[in-house]
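I have a structure I would like to understand better, so I am pasting it below and will then ask my questions one at a time.
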Amino acid sequence: MAINKVVTNEIEACKGVKNGMTLMLGGFGLCGIPERSIAELVRLNIVDLTCISNNAGVDDFGLGLLLQKRQIRKMISSYVGENDEFERQMLSGELEVDLIPQGSLAERCRAGGAGIPAFYTPAGYGTEVAEGKETREFNGKPHILESALTADFAFVKAWRGDTAGNLIYKATARNFNPMMAMAGKITVAEVEELVPEGELDPNQIHTPGIFVQRIFQGTGYEKRIEQRTVKTEKLSE
Amino acid sequence: MAINKVVTNEIEACKGVKNGMTLMLGGFGLCGIPERSIAELVRLNIVDLTCISNNAGVDDFGLGLLLQKRQIRKMISSYVGENDEFERQMLSGELEVDLIPQGSLAERCRAGGAGIPAFYTPAGYGTEVAEGKETREFNGKPHILESALTADFAFVKAWRGDTAGNLIYKATARNFNPMMAMAGKITVAEVEELVPEGELDPNQIHTPGIFVQRIFQGTGYEKRIEQRTVKTEKLSE
Amino acid sequence: MLDKNGIAQRIAQEVHDGWYVNLGIGIPTLVANFIPEGMEVEFQSENGILGMGPFPFAGKEDADLINAGKQTITAMPGAAFFDSATSFAMIRGQHVQLTVLGAMEVAQNGDIANWKIPGKMVKGMGGAMDLVASAENIIVAMMHTNRAGESKLLPSCTLPLTGVGCVKRVVTNLAVLDIRDGAFHLVERAPGIEVDQIRAATAGKLVVPEVVPEMVIA
Amino acid sequence: MLDKNGIAQRIAQEVHDGWYVNLGIGIPTLVANFIPEGMEVEFQSENGILGMGPFPFAGKEDADLINAGKQTITAMPGAAFFDSATSFAMIRGQHVQLTVLGAMEVAQNGDIANWKIPGKMVKGMGGAMDLVASAENIIVAMMHTNRAGESKLLPSCTLPLTGVGCVKRVVTNLAVLDIRDGAFHLVERAPGIEVDQIRAATAGKLVVPEVVPEMVIA
């Protein structure tokens, strides 16, 4: 009998999140972010958080909501991009920010979940990112040593999930979610559709349930689009 | 327009394999092995091969066929198991064998495909496997440094594939195939069913076509079962 | 004295609700048969399945669906298939709560040897080195002595190691023993087995408490 | 002088049949519009798609289907979705044949800076550091000078680096230049642009061959 991971909602799912914890949050921009869990973290007003997430949402959505309320002490991300509040807090020094290459971020999360404490990558060699890190040549090419990332809680968003915690993501909403699911001590998955065990094809699971501790079906997804771009408009930058 | 990777058959697919090359071959035991490509390698009588494969088949099937004909100079595997000829050649010194932990083998192939030259793992620390390898402690636990593996050719077997080289494996026949597909300079995929581009759901691809250079639909798969075990027999070891 | 099924049955008592468990080849595989109905447990097989079910009915075997012992199996509702790298990510990342495996030798410091007899036999380590280097709970399932009647619980291993200081508990045909502080601590006797028999069959340092209960096997 | 579309059109000529190509945000994204019909090319976007297609028709946008610039896109027949770790495995493992990206500065030794102006602006490196550290073919698409009219082709970068010695070719509104042996080698002039204009706009060492052909833009 499969292990049942179902909790009622985001309130149950976020139980145990405390001030000062390290959280991982899936998503790329606003695509594939755990909307319901973020809303609950905002409501709980938990502070002093270290958040590992590729981006920090936009000013008024996604992780931007936690930034607005100053709940985040430190961000570990690859891109600030189009988030003015993120950039402002970082430049003013209110927010500690560790910017790391996107591929290294993804791989460091995977490493954390996979029991690999460190690995070498060429990304960032010769840049600020390499400062304080071991450098070593392999096949005549310099690499830097990057360490694994883990989190007290990982929050991921999937398209479909089953009671055993198996997850299937949709299109590019997959992004960082699978690696972060692996790296959370407690991984919370919110899904658009929750089905009984046995309804998902075991051959099509993206994240096996072993990586998920809690799962719930979210409601009222906004799924905001950051850069709506369509064909009828003249293609432009 | 997707990049067409289709070749006619195993004869076309194996063109360019030369004596002394390093090959990766997917499969676990006889499950998910590239039967047609192996048959062609036997026919071509290419020798002095280094083969990276979790096992070496059984005496008269899978890589065992190449062992019988003394085409393999060196095996890199995790398990000799039930292959008497493999064990005999190894113990007599006719065959060079590098035995490495199964998880390290899988991760080393993935690393080779992912441009990660080396990583740390706890597996094998304090054993023969660690001899000559760097040891380092992380979080109070000793680890050894393992390096990436790549191959001149990787041969993988999938269930379904499309003309763009996208692959879907079936059940536990997936095993080492995805990582080896990543790590081959030239990756040859043989599939039970080859479909036009656009027929596979892009959300369900296990190996994206970028990792595959040649694909063909194989015929006459034997898919031999190594340990047929059924419920009507009394469960026994 | 326990037979192989008895050992498996005793080990099944170590399995907790909600655990993911990896069972090695041989006796460990039998453990799955003794999990109480309704208990939420999932078996991982390192060749790429979570939610491994019983052997199939004759005629229903699928060459593409096997366990790490290469036996034909079935998948339970809620199962998932994955590749070998992901499988060992689960293992190395300590997402699997219990590993049960066989051994040729176990030492009183927790070392284990189970993959090679130099010059004579080499099975290969398969996934065992990853499993023992990573798992938090490792139980060894084996006979207390080898075919020659020699103890397999030793002061130190004589064969090439699979892992160092990793075994926490050993369940044999004679006893349950915990390994800590450089000794085998006798926890339970097999039905009908006396402490002296266990002492005689244990070459390593054995610590025997005042009371050694007999196993309760339902 | 080329506009942004002109730069993209010129870069499209660098794309070979059978290549996987990663296009960065901005001008590079436009390159996809100029690939000849029938050419077998697949675009990778590092957020997790291979076989990226054009923007959707209005009303067909899918919030779950975007490119690395967070724009709504479509998927071509033969496309595949994957996670970020797999995406950068493709990039780091050199399975992507060509990377086109923008830059704030490029140096004559191939260094590139495009993610930060200390104290003023920080976009973050996103996937750029992985891309430039890994790709065998890197083409920078950018304006030859910045808004203040200063050259972006420098003796050495003044901004924090994204990668060292990695840029092979630069295509600007004025010229195509190759980087080798510590200098910018002028390859082509944009239509209507004289060598002297390029010389004046290039702060780094510029090597000009006897004949500098004008770009052919269909």
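A, B, C and D are the chain letters, set down in written order, and residue numbers restart from 1 in every chain.
One rule holds for everything that comes next: contacts are C-beta pairs under 8 Å (C-beta built on N, C-alpha and C of every residue); 3 or more make two chains touch, one makes a residue touch a chain.
Note that this is a predicted model, so its numbers are computed, not measured.
Novice: To reach chain C from chain A by way of touching chains, what is the minimum number of steps?
Specialist: Minimum number of steps from chain A to chain C: 1.
Novice: Going by the touch criterion stated earlier, list every chain that contacts chain A and also contacts chain B.
Specialist: Common neighbours, chain A/chain B: C, D.
Novice: For the pairs A-D and B-D, output the one whose chains share more C-beta pairs in contact.
Specialist: Looking at A-D and B-D side by side, A-D shows more C-beta contacts.
Novice: Measuring from the mean C-alpha position of chain C to the mean C-alpha position of chain D, what distance in angstrom results?
Specialist: Measuring from centre to centre gives 55 Å for this pair.
Novice: For chain B and chain C, what's the span in angstrom between their mean Cα positions?
Specialist: 28
Novice: Roughly how many whole angstrom separate the Cα centroids of chain B and chain D?
Specialist: 36
Novice: Return the residues of chain D touching two or more other chains; collapse runs of consecutive numbers into ranges.
Specialist: In chain D, the residues touching two or more other chains are 49, 75, 81-82, 85, 88, 91-92, 134.
Novice: Show the residues in chain A shared as contacts by 2 or more other chains, in ascending order.
Specialist: Those would be 107, 110, 114-116, 121-122, 169-171, 202-203.
Novice: Classify the chain contact graph as line, ring, star, complete or other.
Specialist: other
Novice: Going by the touch definition at the top, which pairs of chains touch each other?
Specialist: A-B, A-C, A-D, B-C, B-D
Novice: So in the complex, which bits of chain D are touching chain A?
Specialist: 4, 26-27, 29-30, 33, 45-49, 54-73, 75, 81-85, 87-88, 91-92, 111, 115-116, 119-130, 133-134, 160-164
Novice: Show me the residue ranges of chain B that touch chain C in the complex, using the header's touch definition.
Specialist: Where chain B meets chain C, its residues are 28-32, 54, 77-82, 87, 90-91, 97, 99-107, 109-110, 121-129, 159, 169-179, 206, 223-233, 235, 237.
Novice: Help me check something: in the complex, which residues belonging to chain A touch chain B?
Specialist: Answer in residue numbers: 107, 111, 114-122, 138-139, 141, 143, 147, 168-171, 202-204.
Novice: Once bound in the complex, which stretches of chain B touch chain D?
Specialist: 1-4, 110, 112-116, 162-164, 166, 182, 196-198, 202-203, 205, 208-211
Novice: Would you mind writing out the residues of chain C in touch with chain A in their complex?
Specialist: 18-20, 38-42, 44, 49-51, 75-82, 85-86, 88-96, 134
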